Amino acid sequence: MNFDYSEDEKVLKETLRRLLASRNGRRRVLDGGESFDRPLWAALAESGWLAAGLPEAFGGQDLGPVALCAIAEELGFALAAVPFLGTTIGAVAVTLAGSESQRHDLLPALGRGEVIAALAIDDEPQVAFTNGRLHGRLPAVTDGATAQIALVSARGDSGTGLCIVALDAPGVRRQARTSIDPTRPVSSLEFDHVPAEPLGRPGDGLIERLRDQAAVLAAFEQLGGADAALAMTRDYALARHAFGRPIGRFQAVKHKLADIYIGNELARANAYYAAWALAQGGPELPLAAATARVSATEAFDRAAREAIQIHGGISITWEHDCQLYYRRARHLAVTLGPPAGWRRRLVAALAVQHAA
Amino acid sequence: MNFDYSEDEKVLKETLRRLLASRNGRRRVLDGGESFDRPLWAALAESGWLAAGLPEAFGGQDLGPVALCAIAEELGFALAAVPFLGTTIGAVAVTLAGSESQRHDLLPALGRGEVIAALAIDDEPQVAFTNGRLHGRLPAVTDGATAQIALVSARGDSGTGLCIVALDAPGVRRQARTSIDPTRPVSSLEFDHVPAEPLGRPGDGLIERLRDQAAVLAAFEQLGGADAALAMTRDYALARHAFGRPIGRFQAVKHKLADIYIGNELARANAYYAAWALAQGGPELPLAAATARVSATEAFDRAAREAIQIHGGISITWEHDCQLYYRRARHLAVTLGPPAGWRRRLVAALAVQHAA
Amino acid sequence: MDFEDSPAEARFRAEVRDWLAAEAPRFVPTPDADEAERVRLVRAWMRCKADAGYAGFTLPPELGGRGGTALEEIIFLEEQAKVPVAHIETFNLGPSTIIPMLRVHAAPELVAELAAPTIRGEFCWCQLFSEPDAGSDVAAIRTRAVRDGDDWVINGQKVWTSGAHIADWGLLLARTDPARPKHQGLTAFVVPMRSVGVEVRPLKQISGRSEFNEVFFTDLRLPDRLRIGEVNGGWRVVVTTLSNERLALLSDRTVGRNLVGPLLRLAARSGGTAFLDDTEFCARLASYYATVAGVDHIRKRLITTLAKGGAPGPEATVGKMTIARLMQEMAIFGIDLAGAAGEAIDPVDPDLAEIQDCFFTAPGYRMGGGTEEIAKNVVAERVLGLPPEPRADKDVPFNRGAGG
Amino acid sequence: MDFEDSPAEARFRAEVRDWLAAEAPRFVPTPDADEAERVRLVRAWMRCKADAGYAGFTLPPELGGRGGTALEEIIFLEEQAKVPVAHIETFNLGPSTIIPMLRVHAAPELVAELAAPTIRGEFCWCQLFSEPDAGSDVAAIRTRAVRDGDDWVINGQKVWTSGAHIADWGLLLARTDPARPKHQGLTAFVVPMRSVGVEVRPLKQISGRSEFNEVFFTDLRLPDRLRIGEVNGGWRVVVTTLSNERLALLSDRTVGRNLVGPLLRLAARSGGTAFLDDTEFCARLASYYATVAGVDHIRKRLITTLAKGGAPGPEATVGKMTIARLMQEMAIFGIDLAGAAGEAIDPVDPDLAEIQDCFFTAPGYRMGGGTEEIAKNVVAERVLGLPPEPRADKDVPFNRGAGG
């Protein structure tokens, strides 16, 4: 038994944390002009981080899901403004269910960061896929305007299935919208009978598998963000004085920080377990993934919200970093569908487990 | 505009508070042997408190709903172990919708405390009323074993209606059960084609009117209980020392007490408004009653729960009064149906208001 | 208990309603009006009200007031809130807070000079207390005022100043004796905001808007006649001002915005009254509404108490301690309810847009006028009588304590 | 990351499982067994385990132990938890907490005398720290120990003593020098509970049960050889004991009971999987389960850390700070879900009965082993490095401070 990252994974995290500390352009993205942190994305690609999970045959390092979780955690800690989640899940999808030619065409390009994938997986899809063509409108897709391809769940003749669509194809209309977190852009996607290719078959569990993996990666991003918010706020509580003492000496501030700590530790424990379940690929995954997701959403929400309250006035200025956490917490909470859906999935998985 | 009790009502409360302070037998009831505080009930009857709301023609004082609320608040403050709520609503029901003979037979007896009424009003009644007979089982009715009559909502041929049944009639089986609050007893009632009399007609709004009034009275009981729990806990926080100071000097304890205070003040404001709405008899009542109920349930729950936490170990001994509040809070929360039902009713009334 | 008007109150309300219906429409900004235009309209509207006797309700006529009652004022404000007339919160500070404070602490001539123009909308005010190192702990300010002959020379920086870019006058708190304990070396002044030596910089907030400013003082010279209260007696001015400010908070605008309507409509849009079967929606909305309604009743009760000449009880801060936090939670709940659609700021759906806007403004409401935590301490100590926490900063010279 | 056994671990687990399957059934109490009978069974079961080498896992053989590893102990406890064998929590105190503490602070001969009988179930222990005026603040105790020749004479009262009515021995904290500061005048002793001068009275709780006792000492004489640690050095004994106790808390029984199953079954009983459409049920249960699961993973991680010889991190108290409070909230939620039926203690439905029982026991869990509030202070100070609150009681003589 070992409930922690391996030594290798710890070294990997440390390395990535240093890279992110030196190359982080999130503030530039927030202040406008860019849709994501392109220099950082290029740097990540160059150092091989985007190919970490790919098979070696396609230029990757085949590091496995736990390493991807470690990367997600660090990107979350840095609040990096990059399309990692969709692109990673895109690569996983193609690896798991792509044809030979799809693998050859897409995996190396995804690993080099040249192709960005957007993710639009929905329980009740608003788009249809018939006769090889995608039709319908998605009102808000993360990275929809910058991605080259999208993974879309769509209604078909034999049920809901996944398909992959090139976003530069004729008949695709995309419109950037104002994101609640401008460091993670969102846009509408409209498909007017656009040619697309199926991935897997309706009912084969691929959508559920990808959604669960996306949830685990998102949980690690949330965990990283929550840890960073706690660290920043703790430092502030030691430095800031009021009424003749550091505010961190007031029990109300102490208990708020302790509550954030507790939430983060719970989220960490649940995220680690989900990473293990992901690597195992066993029947624990649905419950573990939903639990990690619910736990991490609660933790990041609390950390981002109370970080502001503890910082006081300074934190609601545009220049202060608190808003980055507050925005990112909300983005990550809703990006894979309403949080209520994850809570329902958790209870459904629990009911299955208890019935067994 | 005047958002407070009148001077007369204040005097009335003061008088009742003194009586209750000297005659309170709740502890005797809790420790077993009695199903309610009979000496107190007799004293209340003797001083005219139980007849306060009755028409003068039937031996009452016709004091109106606000005075009844004041009485409920004081009984709640004292955690009195008496069947006031059901008996009062019984009298209101007979006054509003009873026949001449029902009024003559019941109102004076209710006002003298000789007849106790139990209340079993349910949205989806588990009992049926056909051909003048009541049939079915109610698993848990407050005061069911001690009451002489019950007001029961029942399915009939033309919808759900209210009827009044004598509990000493043949075919009534009642079985005392262990109450979560032994100072307010509960029992099952089983009706085997028992003769009963209708009150009002299905669809005439009587059930809703009584339920709303019961909710307002219950809210005042809850408010009184919450105030008493706060007062007791505040005194303890001043007297008890730990780590070299009164525990009331710790910010965590202060904030907990402030939270209780806030909840109580909100509950008080909503209860007063509902009392006014009750006296007006206008269209504000359903929303006002549900709001008072939801607000008071939250307040008493918090006060009872955190009173224990602030008191620490001593409070979980049988001898300490904290448990009385904790039990009563739960009893009052569920006695008129699940709290979720009141929240739904509140939102439904709100939707009506917003649509108007 | 009576939550309705007496006959006399009802008569006055009807009179006000008629007058508002006749006059207010001339002062409604167009949707695309910029701030300058809205300021112009507010000033004109205040003048119109003052001319008609609907301003300075409780001020004597010699100060330009109506010489009326607080109850009249309340009824007028309630009715005014129902019509879409130009409104900028900062214009309320002078009439509601500054003038009452000046009547306690300032020389009668100065009051006479400032009162009438203030209620006529000619003098707009801002409050220059908070500083980067003095938020909740106002007495920790460092802005210096140094005596120089008959003048004072001011240097320092203020922050979180609402409306400083509009204001004609400011109420300034400065440190005049750093060698005294922190509360005992402060002095208050009124400052003409367009003076040389005053620089106002807007402070962009996370909402993207700039409702607050930083204000820099560089060798600003003020004549001693603009000093309020005694030298080193500024803390008393602060206490009076903040207690009046607390009353101003009774105007429901500053406690938080009401999300009940937007949430109900957002929910209804996704399918009739299906939301009644959404138990979480009902639980959250019911609890929220119970708080909003309770705070509103408390506000009305306090207003009535005031109107009858009584002192408001400590319940005044219940709203402060609950509404803003709930507004934030409900905004998050609303965004989550919308799911992925909640991620994009919605230009079409006004309800989702309002919810999203509250998401960004709620954090500020949770701090404005003292944090929730400070307010709870106050309740615990002043209402419940619990002992204050030990403090090490009160009795030491400011320049040797935390301020040194 | 690996949440599963290594091959060696799996082999040992299989061995344990087989042994338990063969032996444990002889030690299962009948449903109507009274406490005396259950005590008899627990003692017999502990002897059986010790004879087979499944006790005192990390104790050396000369103290009656197995001389094995903590990992073996954990695997054994996990497997034992799966079989319905006699269990009384208080019997764990000696092996898990007292013996490890004695090995640090007591004379080797005393350890040798007490260790083997303790792990064999012959000596059951209780902890005599809390007093009516010393709950969270253990150092405020007033029970006196006065030297008299080679003996100590004990007078005073303890409270909240689990299992005192069963225990053979107690670990006592007493004040030996009231003129010293509160932490510096305490001394620890081990006490034979059946001595003259010791009186145990059960304390009835709100659940109606009596799991705790009051213990009164009247001129109890203890020989000096039963003193643990130095005279006036008792606080160090307390610290060692409580840190071991915190480890014992890792046994999930004492943090709180798991209501996930009862709530799911209660909900399912009112109609298939309709509860999946009850958004409030899903929200509450999901959040609760996420906490329960997280605490469980943390517990396992800490156990593994311990087993590998590491020191447990501060996460050990996360369960303490969350589970009991949630258990209380979920019990209330469950009762409310049942509506009026929740009002009657249910003798038929075991799930509702469990929920109702938790309603009454949760308040005690929220305080046991230090309140949530104390635990949060500890996290804030020891983990997050925030400064401690000012304390006025630490350095003054006890008889002139709060204890005077």
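Letters A, B, C and D name the chains as they come in the text, with residue numbers starting at 1 for each one.
Following the convention adopted for this analysis, a contact is a pair of C-beta atoms (placed from the backbone, for glycine too) under 8 Å apart; a residue touches a chain by one contact, two chains touch by 3 or more.
Since we're looking at a predicted model, the values are computed, not measured.
Interface comparison, B-D versus A-D: the higher number of contacting C-beta pairs is recorded for A-D.
Of all chains, A has its CA centroid at the greatest distance from the CA centroid of chain B.
Separating the centre of chain A from that of chain B, both taken as means of CA atoms, is a distance of 51 Å. If you average the CA atoms of chain A and of chain C, the two centres end up 40 Å from each other.
Shown for chain A are the residues that touch two or more other chains, namely 245, 250-253, 255, 340. In chain C, the residues that touch at least two other chains are 279-283, 373, 376, 389-390, 392.
Contacts from chain A toward chain B in the complex involve residues 250-252, 255. For chain C in complex with chain B, the touching residues are 1-6, 9, 260-261, 264-265, 268, 273, 275-276, 279, 281-283, 285-287, 289-291, 293-295, 297-298, 300-301, 304, 315, 318, 321-322, 373, 376-377, 379-381, 383-390. Of all the residues in chain A, the ones that touch chain D in their complex are 1-6, 66, 234, 237-238, 245-246, 248-249, 251, 253-255, 257-259, 261-262, 265-267, 269-270, 272-273, 275-276, 279, 290-291, 294-295, 298, 340, 342-344, 346-348, 350-351, 354. The part of chain C that touches chain D in the complex is made up of residues 277-283, 390, 392. Chain contact summary for the complex, chain C toward chain A: residues 130, 132-133, 135-137, 140, 159-160, 203-206, 208, 280, 328, 332, 335-345, 347, 356, 359, 363-364, 366-367, 371-373, 376, 389, 391-394, 396, 401-402.
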